[in-house]
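You will see chain A twice below: alongside chain B first, and alongside chain C after that.
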Partner chain A sequence: MDIEDQKISGVQLTQLMICFICGSNILLTVSMTVAKQDIWLAILGGVVESLVFAIIYIFITKKYPNKTLIEINDLVFGSFLGKLVSTLYIIFFFLQGSAYLRIITNFFKSQIMPETPMFVLALALLIVCAYAVNKGFEVISRLSMLFLIFLMLEVAFVFVTGYSDMKFKNFLPIFDITMTDFIKSANIIGTTHFGEFVVFLMFFALLNNTSKGKNSNIKIYIISILSGGAILIVISVITIALIGNLAPIDNYPYFQAIRIINVRDILTRFEIITSINILAMVFFKICVYFYATVSGIRKILKLSSQSFLVLPIGIIMINTSLMLFKNPFEVTQFATEIFPLYGLVFEVLFPVLILVITQMKKLFVNR
Partner chain B sequence: MKYIRKPIKLSIILLALFVLAGCWNSNEMNDLAIVTAFGVDTAEKPDEISLIGQIINIRNIATAEKSAAGGDVFWNVEITGETVFDALRNLTFINNRKAFGHHYQILVVGKEIAEKGVIKDLEHFARDHGDRRTVWVVVADGKAKDVLDVKTELEPINGRYIAQLVEVRTATSKAVGVTFQNFLQRYISKTTSTFASIVRVIKKNGVESLELNGTAVFKKDKLVGELNGKETRGLLFVIDDIKSGIIVVEPENQGKTSLEINKSGTKVTPKITDNGVQMDIEVKLKTYYAGDTEDFFNVTKKEDRELLQLYANKVVKEEIEAAIKKAKSLNTDVFGFGDAVHRKYPKQWKGMESNWDSIFPDIKVSIKVETSIDSSFNITELP
Partner chain C sequence: MFKFVKNKINAIKLFSKNNEDSNKEIKVDIKLTTNIDKNISIIKEIMGLNKDFIIREFFLGERKSIRIALFYIDGMVEKTTINQSILKPLMYDVWMIKSDINQNLNTIETIKKTIVSVGDIELESSINLLIESCLTGNTVMLVDKYTEGLVISTAAWVARAIEEPKTEVVVRGPREGFTENITSNTVLIRRKICDPNLIFEAMKIGVRTKTKVAIAYINGIVDKKIVDEVKLRLGRIKIDAVLESGYIEQLIEDAPFSLFTTVGNSEKPDVVAAKMLEGRVAIITDGTPIVLTVPMLFGESFHSSEDYYSRPYYMSFVRIIRYLSLIISIFAPSVFVALTTFHQEVIPTPLFFTMAVAREGTPFPAMLEAFVMIVTFEILREAGVRLPRPVGQAISIVGALVIGEATVQAGIVSSPMVIVVALTAIASFISVVHGDSASILRLIFIIIGGILGAYGITIGLIFVLVHLTSLRSFGIPYFAPFAPFVASDLKDSIIRAPLWLMNRRPYSLRPENSQREKANSLPQKQ
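Up next, the complex of A and B:
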């Protein structure tokens, strides 16, 4: 069977989508600086916002169950405009993948391996990503289950071992932020953690026939958003309960929170396990974006195979990731100020346009 | 093709073995200067600071454990610099290895620098990726160097000794154990004042030793005063950080007797009334009767138990009152009353936050203590 025709089941896609949400955990600090101890409320707000986004995606996937985003664009906008929009999307996916590669490189560079060159860190991760992308989408989504279990075990373990150090009064007073700050932080979470789901419009066509039931896409979206949001809330609760008012000033608050867990001097310093989890989750994020870029290029140029694209695009991705931002501060600035608006163009504007144009076409054809 | 693949794969795996076995920058044991304690002091020049790194002398550790005659187990390196990090790197001028600070256990702050304001000198330790915030912060009564220079018994490494002194504080609860994390959290909170234990050098018959005694209280990041042992326990009762300790009660016309704290829980409830802010402090105490008395109490009898409980309540109440009185006179909200009000009355808090300094000394406090005696250890009554 050709790699490009691999089919996946709905369960696998759901797992991958949950992993995809958790991949943004490393960016939790961005909204935490705004929302402080009310971060869990902001996450709830983000979940609600993303459910609104999901309605759009659900309608699109229902209208075009066997088409990828590239093909939908061609159908909706016509072949020239459609190609243009698709190109923009591919650039968006590519840049997002590069940005996440940079974010995880920054994390490892600043927290774990300060003297290793960034290029080496990026290369090491991207080789694995390229291998996974080359093996196909089914491999990535199957792998996600393994790491999802690992993540859940880790979070549960941290919760149990850190329970004695947790102070739940850190959450009081509830809703101590202004409405603007709340909307701002909820929007950051909605767009970065959940809004990036737009990339999965590329993959719903890969669902196998048994999973293409009547409402399977609704189920997939709702389950993955809710369980991803639940994991996010647990992680932010652990963070705030453990380090309280230090969380908004930390670059990697969850990581810092785990560093202080100490069970009778026997179980200490297991933050490295967390870092492996963070790495694994971001790995899925990069893989999904990488695969979307590669398969998007294949679809747009109507190529028969995509495996020869993986290496060149991977190499460009490494270099882009190193050039995209001058320093980690720019990443934070990008995530706080630019992405919540820039992302909305791809996450909401184009999908809504697709829906509106589809409906209008239907009206005119019916007449 | 089929036959070539296997050897290629195998050779790649074998090659990977060499690459993956080590980290990029390996730290070998014999290239490291492992630091167990850092001290911060004022330097002779006013715009410089002096840093003391206590480095373990690995070569002498093995001999020191066998006999006391071995060389020094630790080596205190003192160096000045314009900032803490500058001084830390300047260490390499006089020490042949780069200081490896990942495992230090204690931060000693000199009294002089604490009075000037200490957060600018401690910030580096919060920022550096290798440092942990679980280290203990203590204030030296005098120079940090003097405290770190003392040769200690039982545990030859001075830094570990101080850390263990802090760890066993729970036996009396008359000293605080403040991790760097707690220190920072209290500092960041706008109204709460931070504090740390005081370590003193005591001289007896020409032999120096260390003593953990009292609590240093900071206003923002400046040392402003001290709490003694009794006041410290009062403070710990309010912030609910009592693990154990002995309460000595002295009923009227009768001798002293002691109760051991088994468990203690405190609830602090703020109230905003017409006359200002009031804090209701409720302490629930579980103790064991530990005897040590000439007038033998029979704690199996209800009357004796109640008498002792009454006096224990009084002692705890006095301790809390003493702590509050001292904190009010220093105008330092060490108890986190401001945060408690913030949690309960977020709306009213907005007006109070900026002038908390004028509100805090006038806070009314009502203290309720409830003691119970749950055990009398091995014997019931000495006739």
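Up next, the complex of A and C:
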């Protein structure tokens, strides 16, 4: 079977989207610095915001069930402007993929393997991503459930073993957050964790016929947002309950929280298992962005095959990831200050434009 | 890059195809003539100097007017059948011929229908086919003035009796195993499944060996697409010899570049029957007791027929142990290397001190130590397999005492490493099917773990999982109950659910008829 013709089921897409949300858990610190112990409130706000985003995406996927984002752009904005918007989107996907590659290598370099060169870490991960992208989207989405189960088992394990160390006093004072901070942190959650769903507009065309039911895309979006949000809340609750006020200070609070867990001096310092999970989730994130970039370029240039694009784009991605930020703090700053606005352009502005123009065209045609 | 390699392979394929066409032997189909002397001389010419090729000429009838010639290969035929059922009636009991011969009856038809008392008998006019059937153990009879010969099935040769197979040993369950004879193998399956829908389709593969191959499946259960795919791939094989089913396996498998096998095999008729009842196709090859089954799923290699014959609870536990042992056999040395090299904090402190003491004074890094020990183990194992049994004991003494005890005492290898390698070695014996891919993966993971620690091992694990997920066996996803996640099939994967719960055939194999037993089969009291 050709890689481009692969079809996936709605369930697999949902699983992949949950993994995609969990890939952003490594950036939990960004919203935590703003919301502090009321992070759970910010997450709820972010979920609500993302549900609003989801309405836009649901409408788009319903209007164009067999079209990818690139083709939708061409239809809506016309051939030239559409290509321009598509190019912007491809650059956005590419930069996001590179950024996440940088984030995960930063994490491993600073926390676990300080002496290994960052380039080696990035290269090792990208080889696997390139292999997965070369094998097709079907493989990526099929694999997601396996890692989702790993993640859930790990979170449950952490919750059980760390329960004696948890202090739920840490959540006090409750609602100690200003309105600006709440909106800011909710917006960060909404745009980074859930808003990146815009990339899945590329993949709804890959759904097989049995999953293209009347309300299947609503189901996919709602279930994935809610379960992703649930996992996010559990993780942040564990973090705050374990390390409290220290959480907002640290770069990787969940990871730091697990270091505290100590079961009778036998089960200690098993944060390495968590790092494995974080790596696996970010793997999906990079794969999805990587695949979106590659298939976007294929669509925009109307190429017959895409596998020869994987290697060059992967090489550029490694280099971009190394050049994108000077240091880990710049990443945090970018995620706190710039991305919530820069991401909104792609996550909300263009999709809304697509919707509005589609409706206008419909009106004019009807007259 | 992949495209480039693919193109190269295609080019090689094309080239070899052209080559094959030019080298093809031009075979002229020689027909029988009416002159029996000419026929005999042609056959003699083709068979050449073969000493075991017997030609028996005799006359039929009262006036000795009809010449008959018998051809067979000595040792491949049953002599008593030839003597009692062919020669004796033709030479002595010719009362029929006496009266009928003058009425210009078709002699060969009469011989076929009324005189020769053998079950399987056919008319054939091509000399090539006659010789071919002669070579498979049949007896050929030529009658003067007729352009058709009789092929009388008399095949019988010395064969191994049905024994308990050496590999798939069970405590509970049938003891019989397949033999080298394809007929007795099909009978063994037929005796398990008494159903007219059980189909055996015959083929011959191999230009020179003309090996008999049977495709077996159960109509109405199996997905027809799989059967067609199997036939297509078997038909594509152009090879001079098929000596074992492994030849076929390597020529029809989906992923020839993969470490993992995508064709299953078994030596036991009950296992093959069970697999066919789940919707698989069996490929039985003459001359080998190993029967292939396709499509194969990754988890299949952890199943044993005994799992279903014994009660489910302990067997589920054993299944988990088997999966665990594969994980241990691949990852234990590499994880140990990664922990001691990069992530010492994970090891509990008292254990870490013990290990530090044990490792003190060992000259090599953990990665090299593990690598050398694993290679040593592989050497020992190969030696143990190949050597005759009495020498095998010497190997175990050398392995255990010299390599195990002495290296630790001499301070070359640390004792925790020996323990880990020993555990790995024991675990590697449990999964026979994936054992060979596991031995290679183990070495690769040791290197990755030594260089990149847990990060590298995770990346390697993801790589292997992506690879497993991308594999397909005859259109069926290889890693099926796990990825794609098929919840209903999990009842026969890591655990083995009670039989009364498994009332549907595995969904992953897309059987036509998925009902296995009635929905509510829980045993009930009166």
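Observations
Quick note on the criterion: the second predicted complex is superposed on the first by the 367 of 367 C-alpha atoms of A that agree within 3 Å, B and C clash if a C-alpha of one lies under 4 Å from a C-alpha of the other, contacts with A are read in each partner's own complex, and residues count from 1 in each chain.
The definition used in the following text is that contacts are C-beta pairs under 8 Å (C-beta built on N, C-alpha and C of every residue); 3 or more make two chains touch, one makes a residue touch a chain.
Being a predicted model, the structure only gives us computed values, none of them experimental.
Once the two complexes are laid over each other on the shared chain, residue contacts for A:S31 go to neither chain B nor chain C. Once the two complexes are overlaid on the shared chain, A:S110 sits against chain B while remaining clear of chain C. Applying the stated contact rule after C-alpha superposition, one finds that A:S98 touches neither chain B nor chain C.
When the two structures are aligned on the shared chain, A:N262 is found in touch with chain B, with no touch to chain C. When the two complexes are overlaid on their common chain A, residue A:V120 makes contact with chain B and with chain C alike.
Of the two partner chains, neither chain B nor chain C is touched by A:Q306.
After superposition on the shared chain, chain A has more residues touched by C, the comparison being chain B against chain C. Shared-chain residue A:N245: touches chain B; no touch with chain C. The interface of chain A with chain B overlaps its interface with chain C at residues 113, 116, 120.
Those residues of chain A whose C-beta lies close enough to touch chain C in the complex are 9, 11-12, 15, 108, 112-113, 116, 120-121, 124-125, 127-128, 131-132, 134-136, 139-140, 142-143, 145-146, 265-266, 268-270, 272, 275-276, 279-280, 283, 305, 307-308, 311.
Those residues of chain A lying in contact with chain B across their complex are 110-111, 113-116, 120, 169, 172-173, 176, 243-246, 249, 256, 259-260, 262. Per the touch definition, chain C reaches chain A in the complex via residues 1-3, 342-343, 345-346, 348-350, 452-456, 458-459, 462-463, 465-467, 469-470, 477, 479, 482-485. Touching chain A in their complex are the following residues of chain B: 23-25, 129, 132-134, 179, 181, 184-185, 188-189, 342-344, 346, 349.
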